[in-house]
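Below are two complexes that have chain A in common, paired first with chain B and then with chain C.
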Partner chain A sequence: MTTEPTTQTTPAIPAGAKWTRRHLLDVDELSPDEIELLMQTTDAMKEVLSRDVPRVPALRGRTIVTLFYEASTRTRASFELAGKALGADVINVAASGSSVEKGESLIDTVRTLQAVGADALIMRHGSSGAPYLVARHVQSSVINAGDGWHAHPTQALLDLYTMRAHLGDPSAGSGQALRGRKVVIVGDIAHSRVARSNIWALTTMGAEVTVCAPPTLLPAGMRPGQPRSEEPLAMPPVRVETDLDIAIQGADVVMALRLQKERMSHGLLPSTREYATLYQLTERRVAAAATGALVMHPGPMNEGVEIAPAVASSLQSVIEEQVTNGVAVRMAVLYLICRSRA
Partner chain B sequence: MTARVVLTADDIRRAVRRIAHEIVERNQGLEGVALVGLRTRGVPLAERLAAAIEEFEGQHVPVGALDIGLYRDDISSMELRPRIQPTDMPIGIDGRRVVLVDDVLYTGRSIRAALDALTDFGRPSQIQLAVLVDRGHRQLPIRPDYVGKNIPTSLQEEVDVLLEETDGQDEVRIVHLEGER
Partner chain C sequence: MSLAIRGGRVIDAANNTDATLDILVEDGRIAAVGPDAGKGAGETIDAGGLIVCPGFVDIHTHLREPGFEHKETIESGTQAAARGGFTTVCAMPNTEPPIDSAAGVEFIQRRAAENGLVRVLPIACVTRRREGRELAELAELAKAGAVAFSDDGSPVADAALMRRALEYAAMAGAPIIDHCEDPALAGGVMHEGWVSTRLGLRGVPAAAEETMVARNIALAAETGSHVHLAHLSTAGSVDLIRQAKARGLPVTAEVTPHHLALTHEAVLTGSGESPSGLAYDTNAKVNPPLRTAADAAACVAGLLDGTIDCIATDHAPHAIQDKLCEFDVAAFGISGLETALGLALTVLDIETAIERLTIAPVRTLALDARLPGLGTLTAGAPADVTLIDPAAEWTVDPSLFASKGKNTPLAGKTLRGRVTATVYGGKAVWRG
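Up next is the complex of A and B:
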């Protein structure tokens, strides 16, 4: 135990921090105070996970359902662990093997899950916006675990938490924790829900974001020579760079995204090898970033394509830590959401 | 809304020093004693008790900090401000005499939650309870071992404990809530 005043090591939770949300659909709706509350709640959850028996009764008697229409290892598993660590009952439903295969509609499926007593539905779906549709039709809380190309809020929050732990200024106020930090996201920005949610989360917390990709993998409003989309919900302003060697200079964080194989078949890229030559995170490229820059990847990785194996397992890599933090962040999300509906 | 001061900074200082003496006396020394403060204001109180004990006895007593947010059963009462901070229990509590420290003892539900939380960290040989203010109205069979001051209150009143470390000044006030509750 410490003799130092414990109160000093724990930053004060912002006075205005409240949580009234029933759903978590994306990070674009979260205020800096709400994100800060989530981050500090995650600190407490990390302590729970560090115990010999990582289990508390905070959500005892609550039922959490994971409903995944797309494949997932880490997201589904970490939500399940998070729910169990908080004492909730967790039921896993995969589209394959459920009545979805008999042709049951999404709305009917979620109404059935609500009828059996789901307090929270954790949902992954291939169609952008599907969780928003569900949220309009059920009383349960809906947590988006990835919808199409649109959003993956808990991934962005765990990435933010990981960066904040290494680079953040804990005494900074809400929205200031990553003030001035340079974050480069490299890869398939156009089709990445991880990139989109990260851009929102990072800019909300004050980071300077650069996205880097070949023009075919940039979203319409970001391609060089095209006017920026004026649509207010499009995305916050970021720097766009198609040359990774320029983008990476002085970066505090470099995040590689997974290159999905179907991008090649759809003619967006000439070949995996060419992509790797121009956009792979190599030791040489990472050396141009700031000293001690963090290397991140949301997984699953294609080592040798978007990231060199030596970089993925280097000391600068926090990729495994991202997975560990994922459980704590999802505990914080489940706790705040399920408690707000008492 | 009217506020009445029931403990001044000097009163608080004296109460803390008296409780520190009582802890040493009751435990016939400090062998195996650890203080665990309940967040938020039990933590600075536990640190003050440890400092006073060290001053009198020249012996260091370990201090932990417990957040009971994840153990509460009165879910609805704290929903909009769900502040949870990390519990800090860096030494084992197995076989120790743990003195829980909190600012106000009221229904006893926080202490019930603290007992659950503490049990998750080990099996103390004894758990004692020190509070700065006991305001009555218990809903559970829980009683304090050390009390700074017994202050009878009505249910229409609120006890506000202010401490230098968290609020910039030392004072305990009773606030009368009109028409509320």
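Up next is the complex of A and C:
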């Protein structure tokens, strides 16, 4: 008789690998080895999630607090599921508006949460850098669930995991898993934390990244005709292309970003209609990508704007898989971070 | 009552003096400068090995009083000035209420007389309540003692109103100082460049400043009135002013020590505490923002060739909680009086720095028309003297600032060149 999988109390984590980070603020600080460890740990978590009772008590007795200053359904639910699947106590704190509007400073809020015993603070905030401020002032681990336009590391990790599952070379060395793969990110790069974290994650793992957007949705240093910064601390170099029909040729992955409505009122775009004409992922455009290219979207989608409904639901779309992988990736992050706390 | 400052290297740019001399002070005024001029004085300061120069003049200081006394007061701000070697500061009017009436000007003067350690010259608003809609009573403000007009913190955004303000201010006899920032192009929290891209912060493009500099130059040409451009930060602004001066237009400009010596990378890497991750250093959040190394170099070059007239600190003190918060909501500004000299000396030689901190700002706003001899050691001038140890190295520790504003991106940095004594009106107001 085989071992009953539901009686296993720990995930099958690769032996000998080390995780020492107290926080996860962005992907930019992670080495290829650390990302590889996260990926392998995610494999183990996927196995846990496939069990009849998808739970392990690996983090029993730990307290995880989600602190969301911005509305979010999927990311918060994903973290909550991940924490519960690992047996942790999960407390959700919804903080509407900015800390200033609330009258209590962000530092005071997180110190309170620390005082009630939070091992990990999962934080989403509209201001770029807010988790860095918090990480400097609390003993709890801080996991960035999205800060302003800056970073969304677990999204990038789940995207990477999804790409690696379909396209990765398992025999490749560290940092080589996506070597030579062409990834095109289409949409509002300038205001996207998903784009920034993905650029770091993908270039760290050897992929060739192209960003595609009108110049008004590209950040300084990525606009056509602008000199690329040679500074060592600048974003890693990516190919920039304003014409999606050119950008998409031969792509292994095409990722569309959500278009925020307020971009029109700020004069960054003439209309949703023109944007859809130029940048929507259509069947015709996706046909110009490599055979079997993956179609991705971090959600929530505006179907008919940045992505055609038929493309979103096509066989090439891995959008639902991204959501499923999100739970496993967040379990891996929580597990590695909480277990590294003495 | 006499005071002698003996044996120092006296640098007095206005009088082309650079020699080891004594300074004799009597009744609050410079009585004599010469070899052994201080022999037999009642009180003596030994300046051997030190540089002795006129007291520094800052034409751009935020003293925060009235209204924001938790950030700074006239008392604490002038103490900070004395420590930084400044004996005259021009107080910006973006207080609460803003200084837009003669009563407001008189309030500043009275508080300065009661609590000020050094001279405070009020600057008054260009527009009522700094709202940019109608002119303040500029003639009455000037008569009450306002040395210039500015809505600093904001530009006079309406070009037509700015034109009328320039015309009218010329009659009132004081220049308009404009904070050059196109409101539509601004709205960011740091320089727009590779650092803002990396950090995901909203940027302020160089063009936000340059379009307003260009507008103000056009209005100076149109009106013939003196416009002074505050805290320049971009290479493009320096070029525009260079051209304007070549045309003989009545345009002057200032630059802060931080725009001469620091860059936008300060936001990324921070100072002081050990860098774990990215700093998002709110103490490096300032308006206009710290820009690129090329911009800073252009500002230095502009200051050296006379395109930029003088140094001003834009001392902008804030309370701890104004900076201990998210970068987006943190207040703009650097507490600059106490680090001005040391920071300026990272990019300038001592002779240039002294000239640009003394007689240059006086001439920029024609302050010597009201206070003859200000910024010089000419006999009869106010006995405002600063003593500097140019070789002294010191580490910036904001907790030791006299200013209530501990907000500096220089915490923990070592600077060279320190003010060791400040004499104001013949009285030592600071001995380091």
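We adopt the following convention: the second predicted complex is superposed on the first by the 316 of 342 C-alpha atoms of A that agree within 3 Å, B and C clash if a C-alpha of one lies under 4 Å from a C-alpha of the other, contacts with A are read in each partner's own complex, and residues count from 1 in each chain.
Throughout what follows, a contact is a pair of C-beta atoms (placed from the backbone, for glycine too) under 8 Å apart; a residue touches a chain by one contact, two chains touch by 3 or more.
Note that the structure is predicted; figures quoted are calculated from it, not measured.
Colleague: A:Val56 contacts which: chain B (first), chain C (second), both, neither?
Modeller: Only chain B; A:Val56 stays clear of chain C.
Colleague: By the touch definition at the top of the document, which applies to A:Ala287: first (chain B), second (chain C), both, or neither?
Modeller: neither
Colleague: If we overlay the two complexes on their shared chain A, which of chain B and chain C does A:Ala71 touch? Say first, second, both or neither.
Modeller: Neither partner.
Colleague: Once bound in the complex, which stretches of chain C touch chain A?
Modeller: 192-203, 205, 265, 268-269, 273, 276-280, 321, 324-329
Colleague: Hey, which residues of chain B end up touching chain A in the complex?
Modeller: Within the complex, chain B touches chain A at residues 34, 37, 40, 43-44, 47, 50, 60, 62-65, 67, 69-71, 75-76, 79-91, 116-117, 120-121, 165-166.
Colleague: What residues on chain A touch chain B, complex-wise?
Modeller: Interface residues on chain A, with respect to chain B: 1-3, 5-7, 10, 13, 17-20, 37, 40-41, 43-48, 51, 53, 55-58, 86, 335-336, 339-340, 342.
Colleague: Tell me, which parts of chain A touch chain C in their complex?
Modeller: My answer: residues 23, 25-26, 29, 98-100, 105-107, 125-130, 132-133, 135-136, 147-151, 193, 196, 219-222, 229, 231, 233-235.
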